[in-house]
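Same chain, two partners: chain A is paired with chain B first, then with chain C.
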Partner chain A sequence: MIRLYAFARHPGPALPDVPGLVEVPFDGLAALCGPAAEDDREATPEALWRHEEVVEALMRDRDVLPARFGTRVADEADAVRAGTAQAEGLHAALAHVSGAVELSLRVRAREPAECPEALERRLAPLARDAVTSPPGDEGEVLRAAYLVERVRVGEFQAQVARLQADHGDLALLLTGPWPPYSFTGARA
Partner chain B sequence: MSDKVLHRPPDIDLFGAERPRFDDALTRRIGADPENLERGLAQLVLTVVELLRQVMERQALRRIDAGGLSPEQEERLGQTFMELSRRMDELRDEFGLEAEDLNLNLGPLGNLL
Partner chain C sequence: MTTTVANREVALVDLVDRLLGGGVVIAGDITLSVADVDLVYVSLRALISSVATAEEEGVLPRMGSAL
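Let's turn to the complex of A and B:
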């Protein structure tokens, strides 16, 4: 078994200095893989962080479609098979996320509440794409991921700060930039 | 890993079991981890203690400058504060907190310490 970190275009820039990281090319794309380890299934904070570090290192100088932590394939040939089967979708998804990052927004309230339409109305225009998940519990008003161009992240951040000022009854938490985990449309 | 928090709400406590600090968001366990809750609480308590220590220290220094103390009193004050400082370091160590952890971001007012 080997780990799959991400798909990217090929040829691409030189790989970051990560031991064992390899580029497995196919159809103008590459599967970015690394050696698997015994404890790959264990989602410890350290393991999650190591995976994230590799994906973020890749993302510094290329567009990537990140694989979730724990994604493994049998071998490089298997990675190529998986990638080739969805090559067209991968190309489209890479174009979709090109030059953009994922920002995660979570909104909570003391009383169960509807998400004010102002929130999504004022944020949607600043993002290329958005994905909303069902709230995790009663106190959660909104759980969303936004695909935002790198150059607009500051603008988005400022808008969230303004929304917070306008909605004292809510708590807005914005984190990022993250690799575009929610916008890959891919399955490995 | 640089700080991933782009906007932190004033009511951070609404985010429940998650830690007060998100600087290492992925290196902290997410979920109701009793160890983390205790540490978060320790962080708040020690921050208040540190604030008081700094206030007391400044007051004592003002008294020394004003010349209102005998040499023995000054000596004792000095020792006390050294001891307090040392004890703070020990407490921080016990809870795995760095000096920078003992701070509270007051938003527009900047940091507490």
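Let's turn to the complex of A and C:
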């Protein structure tokens, strides 16, 4: 078994120095794979971070569509089959995320409240795309992922800082850049 | 501003959401055990509470930027 990290365009730049990392090409794309390991089956924080570090290393110099953690295939031929089955969608998703990365925003309030419209209004223009999710708990008023051009990340970060300054009653938590997990166009 | 360890704890919720709930899905090949995922969420709940009660919360750029 081998583990699938991500899909990317092929040909692409040289791979980062990760032991066992291979590029399996098909149809102008490549499946980026590595050795399967026991920790594929256990979603511990350590296993998740180790996996994530590889995907982020790939993301440094190419556009990637990250695979869901724990994705395994029998062998490279199987990786090609899996990728080929959704090649059209992968090409479209790569075009959508081209030159962009994902930023995560969570907004907390001491009292449950409607998220101030101002937040979303002041951030949406800085992003190519955005998805919101149901809040994780009562104290959370917004959970959103933004697809932001790499060169605009600093601008986005500065805007979030300004919003935090303007809203002392809220806590804004911004993390990233992430590979575009929320913008792969995949359906579970 | 904060240490790498603290940044990683704060970002863990986002990491789990993405790696376990997002990303490209290929037909029928996730062999992750559900019990293991539940364990991660149990420990996350405690983390979320501790983050929520902190007085100082603001923008926390993640360490190790991929840019």
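Quick note on the criterion: the second predicted complex is superposed on the first by the 185 of 188 C-alpha atoms of A that agree within 3 Å, B and C clash if a C-alpha of one lies under 4 Å from a C-alpha of the other, contacts with A are read in each partner's own complex, and residues count from 1 in each chain.
Operating definition for what follows: contacts are C-beta pairs under 8 Å (C-beta built on N, C-alpha and C of every residue); 3 or more make two chains touch, one makes a residue touch a chain.
Owing to the predicted nature of the structure, the values given are computational and were not obtained by experimental measurement.
S.K.: Does the superposition put A:59 against chain B (first), chain C (second), both, or neither?
M.R.: second
S.K.: Quick check for you: in the superposed arrangement, does A:173 touch first (chain B), second (chain C), both or neither?
M.R.: It touches chain B and chain C both.
S.K.: In the overlaid three-chain picture, which partner chain does A:86 touch, first (chain B) or second (chain C), both, or neither?
M.R.: The second partner, chain C, only.
S.K.: Contact-wise, after the overlay, does A:7 reach chain B, chain C, both or neither (first, second, both, neither)?
M.R.: A:7 contacts chain C only, not chain B.
S.K.: When the two structures are laid over each other on chain A, which of chain B and chain C touches more residues of chain A?
M.R.: Counting residues of chain A touched by each partner, the higher count goes to C.
S.K.: Taking the superposition on A as described, I'd like to know which of chain B and chain C A:161 touches: first, second, both or neither.
M.R.: A:161: touches chain B and chain C.
S.K.: On the A-aligned overlay, A:71 touches which partner chain: chain B = first, chain C = second, or both, or neither?
M.R.: Only chain C is touched by A:71; chain B is not.
S.K.: Which partner does A:48 contact after superposing on A: first (chain B), second (chain C), both, neither?
M.R.: both
S.K.: Touching chain B in one complex and chain C in the other: list those residues of chain A.
M.R.: Dual-contact residues (chain A): 45, 48-49, 52, 106, 108, 139, 153, 157, 160-161, 164, 171-178.
S.K.: Write out the stretch or stretches of chain B touching chain A in their complex.
M.R.: Result: residues 1, 4-12, 14-16, 22, 24-29 of chain B touch chain A.
S.K.: Any idea which chain A residues touch chain B in the complex?
M.R.: 45-46, 48-49, 52-53, 103, 106, 108-110, 139, 153, 156-157, 160-161, 164, 168, 170-178
S.K.: Please name which positions on chain A make contact with chain C in the complex.
M.R.: It comes out as residues 4, 6-7, 40-45, 48-49, 51-52, 56-57, 59-60, 65-73, 82-83, 85-86, 90, 93, 101-102, 104, 106, 108, 133, 136-137, 139, 150, 153, 157, 160-161, 164, 171-179, 181-182, 184, 186-188.
S.K.: Across the complex, what residues on chain C touch chain A?
M.R.: Counting only chain C, the residues touching chain A are 8, 10-27, 29-33, 36-37, 40, 43, 48, 51-52, 57-62, 64-67.
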